[in-house]
Amino acid sequence: MGWRARVFVTPKQGVLDPQGKAVQQSLHTLGYPEVAEVRIGKFIELRLADVSRDSVETRVREMCDRLLANRVIENFSFTIDPENP
Amino acid sequence: MGWRARVFVTPKQGVLDPQGKAVQQSLHTLGYPEVAEVRIGKFIELRLADVSRDSVETRVREMCDRLLANRVIENFSFTIDPENP
Amino acid sequence: MKWGVITFPGSLDDVQAAHVLEDLLGESVVRLWHKDTALDGLDCVVLPGGFSYGDYLRCGAMARFSPIMRAVGEFAAAGRVVIGICNGFQILCEAGLLPGALIRNRGLAFLCQSVHVRVEDADTLFTNRCRRGDVLEIPVKHGEGCYVADEETLHTLDAGRQIVLRYTDGEGRVTPEANPNGSLAAIAGIRSASGNVFGMMPHPEHACERLVGGEDGRKIFLSVIAAAGATAEPVAAKVVSGP
Amino acid sequence: MSVTVETGLRHGLTADEYARIEAALGRAPTIEELGVFSVMWSEHCSYKSSRVHLRGLPTTGPRVLQGPGENAGALDVGDGLAVVFKIESHNHPSFVEPFQGAATGVGGILRDIFTMGARPIANLNSLRFGSVAHPRTPYLVRGVVAGIGGYGNCIGVATVGGEVSFDPGYDHNILVNAFTLGVVQSDRIFRARAEGVGNPVMYVGSKTGRDGIHGASLLASAEFDADSESKRPTVQVGDPFTEKLLLEACLELMSPAYSAHLVGIQDMGAAGLTSSSVEMAGRAGSGIDLDLARVPLREEGMTPYDILLSESQERMLLVVRAGSEDVVRALFAKWDLDAAVIGTVTDSGHLRCTWEGRQVVDLPIAPLTDGAPLYHRPAVEPAPEEGARLLLRDLAEPRDYGHVLMQLLESPNLCSREWVYRQYDTYVGGNSVVRPGSDAAVVRLDGTQKGVAMTLDCNSRLCLLDPYVGTVSAVAEAARNLAVSGAEPIGVTNCLNFGSPEKPEVMWQFQQAIAGLRDACLAFGTPVVSGNVSFYNETEGRSIPPTPVIGMVGLLDDVSQRVTQWFKGEGDAIVLLGRNREELGGSEYLAVIHHQVRGPLPWIDLDIERRLIRTVLAAAREGLLRSAHDVAEGGLAVALAECCISNETGPPVGARIELESGLRPDALLFGESHGRIVVSVRRRHLTRLRELAHRDEVVMTSIGEVRGQRFEIGDLVDLPVLAMRERWRSALERTLAGRLGE
């Protein structure tokens, strides 16, 4: 069966997000003045083989820490669900 | 009060995802053979001014359609929550 | 003929494109600002290379909303000539004036090098000074130049003779090594179904002088000039080809 | 908050320095004032340990329009033009966050150049990493290279050269030095002066966040631990897109149409708003009043202290004429940039800052600048190590020289750098006549026949073994690299990367390097017009090898006479200018094949170098040279191999070489003796070349011919050039992937 992990990587509070800034300005120009802030990060979907729930959580956290997020400037969070067949 | 929208932009099924492929390979090298697939997309957080629930939904969908995602290669989805003060 | 070269915020090769047209080829050039809204009296518009809006979000995603792009759309619909180079190509795709999209290079890194492209069709506004099968040496410099489109679009491009340039080796062979970015069908440049809108990832404007980058790029610009010389009318209709 | 000597210590000041502050003010400073003092008196801003030594450098000459002291140096190159250039380090930030550290390093040096009104036309970079075997090295290399490219490519300045080397001495402290050269009309150079009482001070560019506030010293501060998370200094993230807009807007403001509105301009680099305002007032002998509440902010809850010390990128400080505010604002608005009036020029001689109606800073300028501490730190020559000198007779000679050559061509310090520079846009601007891959980069000066050549050089192994000779050698190599490209050396910038100046051995290395820099620059007639000192490059008490990176700039009157290093045509004669000696000390061969780092260093004679350069330049100007390449790391065999395999397009070319010599073969092939250049010429030009060499008393030997597809040296080496090129070209990528064995 296996698992599906969804990882959200976001720029840390206080760290400049030039992409977000540019997109916000663009949205204003496009006629969406209600947009007060834009922060752009990554959305990473992983399909994982069948291992125990506990183990999958530890390992995904580890992957985020080591590779998927740059802890100097980014935070991450994730969700894990059994994969629907 | 306002709203917080979370937008998920993902590469369409079938569209090349060179970054996802490279990350999968790196994860294997790092000792995570259980990773069967990686797809990398974007996670965009918007803070929006106080407008009606309906209107915020329509407008966020529009922003995605027009700017945040490229429908030729990407899909999107989003969630909207009232902003916690 | 009269050319327009657009400057978007973050355009970089606008200066070079204008320099080539004006100083090397003796054409008349109007520099356009992205907030301009009219293209009156122009025969051809160039969307230059660079990093419009920093290439943030997606290359070309924000530039396509610049005020001038509405005029570019109308200009193209009227059958006038539009050329997008590198970032310009990306903008044209984002704007829907050309099909498909350009994504991260296969190798993920920015790539700057001289490449070979083969002329797939010499009966176009952009290659009529070449022969079919000619191999041109022109530099690429991009991080997101991998051309992708769905099967159906690729088929339509092929059937409609819209694929103008392909990456090859020096002998004109399509090989995986000669494809710098992993583009599908080794596509380096395409034109619209109407034939008058053209996008290419390599930079012909950086291959117009022997001293810097070689001279093969001239052929692209000279082709447009030659085609315009052949008729005073918008030329698209004449060279439309395909189904 | 009351400030005491402890607060001073936590800001990195000594007790002595703190006492001087109180004495200068006649009271305790406010916390904001202490922040200002601590950054202005930091080594980085005040040059307190280096200033007395830098004074000895030659900084004048007929071409010098601006020497050290401004944001960058400027040299007159004729045709009404000047080149403006400088090099800067961004070492520590790049080690913490390689991509952003390197990127913001490029952003910073670019601002130094365009702040003087010059349009940047070329970037170079000098990179030093730890051993390729160190687990962090590949990550750092990838990040740094991508960061340099990411910034330079996006802003549209061609990155046309540099150097990369690997040494375990940098395992915990990499070096990222970035160089930029720009061009300006020689009568339109802008300077950073706050003149004219009543003139408004304007802030333009990105908003201010808590980026890089005060680095490590603040982290140690107990007072700030209370709400530490929100106050934590954050890594600077570069925004090259905003910088591109800023560049265009500033250059437009400095163009004839607008420049009457502008009085002075300075980038906000290290120490941000503090140093830019203090320095601008200091140079003009004026004063500045700032209302910190008017500074555009990116984050909520920022304090005046944060605002003064923030190192947010992509910002500039302007002094404009009173009444010009709206014109300036409109110009920046055109480029989608904010501009805000944040203060006024005064004649108070003070920096005064208010915040919400309260005066938080009132400091006399003089003690912050000219009155900063000046140290004559003790210097002691380290005791020589036992067995430090190489005895040639103890060194086993290899059996297979072809194999050794292949090993060297694949070694991290000698293999091709193509993997690095293909990530850089080398074309943008349309004037890159010689792009990376030859000895120096050559860029055409738009609208003229002229070209400017640039190179960065330093062999830190030589500098470790002998900092004086090592530095002289670096300057000589730089001069040779320019000469073989057809350019006459005209000026120098430098980045002196050293350990802690508080260590007498480091201070000795530093003084030796300065002496070498001075002597060599005098010999070549190349004034030092700008530079940067980076001390405290050490981790856990271990200093990096002394690394004085030399940036040298040369001029070609006719850019079409540029010469590249690779052989051009079958049948051309190959000529060696200069003399081979039996010297293997400090060589790559000794390090890579015999795993030894020892002297004695190769002999260097600046008079020989000068005459050699004269011959080569004359030959280049007469159009005799088909190729020219200096002999440097790897020695003669590697130099000749590079001539065969480094052409960027087309197949590699072979050569048949005969060397007559009584030297040991390994010293002959791989020794790194100075004063040698390999050229190739058409046979019919040999006579004229011999005349030129004779005139300059340069030893000239015909050593072979360009021919075929093999690389042959007597009966010592016989290799197919295709295989050589393949291995040499792919080695860096394979090494970083840990796959060199494949």
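Note that the chains are named A, B, C and D in the order they appear, and that numbering of residues resets to 1 at the start of each chain.
The rule is short, and it goes like this: a residue touches a chain if its C-beta (ideal position, glycine included) is under 8 Å from a C-beta of that chain, and two chains touch if they have at least 3 such contacts.
As the structure is a prediction and not an experimental result, all values here were calculated from the model.
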item: C-D or A-D, whichever has more C-beta pairs in contact; value: C-D
item: Between subunit B and subunit D, centroid-to-centroid distance (C-alpha), Å; value: 41
item: Computed distance of Cα centres, subunit D from subunit A, in Å; value: 37
item: Distance from the mean Cα position of subunit B to that of subunit A, given in whole angstrom; value: 9
item: Interface hub residues of subunit C, defined as touching at least two other chains; value: 53-54, 56-57, 62, 65
item: Two or more partner chains touched - positions in subunit B; value: 42, 66-68
item: Multi-chain contact residues (two or more partners), subunit D; value: 239, 241-242, 336
item: Pairwise chain contacts, counting only pairs that touch as defined; value: A-B, A-C, A-D, B-C, C-D
item: Interfacial residue positions of subunit D with respect to subunit A in the complex; value: 96-97, 100, 206, 209-211, 230, 232, 234-239, 241-242, 298-299, 312-313, 336
item: Touching residues on subunit B, where the partner in the complex is subunit A; value: 2, 8-10, 20, 23, 26-27, 30, 32-49, 51, 56, 59, 63, 66-68
item: Contacting residues of subunit C [partner subunit B, same complex]; value: 57-58, 61-62, 65, 93-94, 99-101, 103-108, 146, 148-150, 182, 184
item: Residue numbers on subunit C that touch subunit A, as the complex places them; value: 53-54, 56-57, 62, 65
item: Footprint of subunit D on subunit C - complex, ascending; value: 9-10, 12-13, 15-16, 19-20, 49-51, 53-56, 109-114, 137, 139, 141, 143, 203, 205-206, 211-213
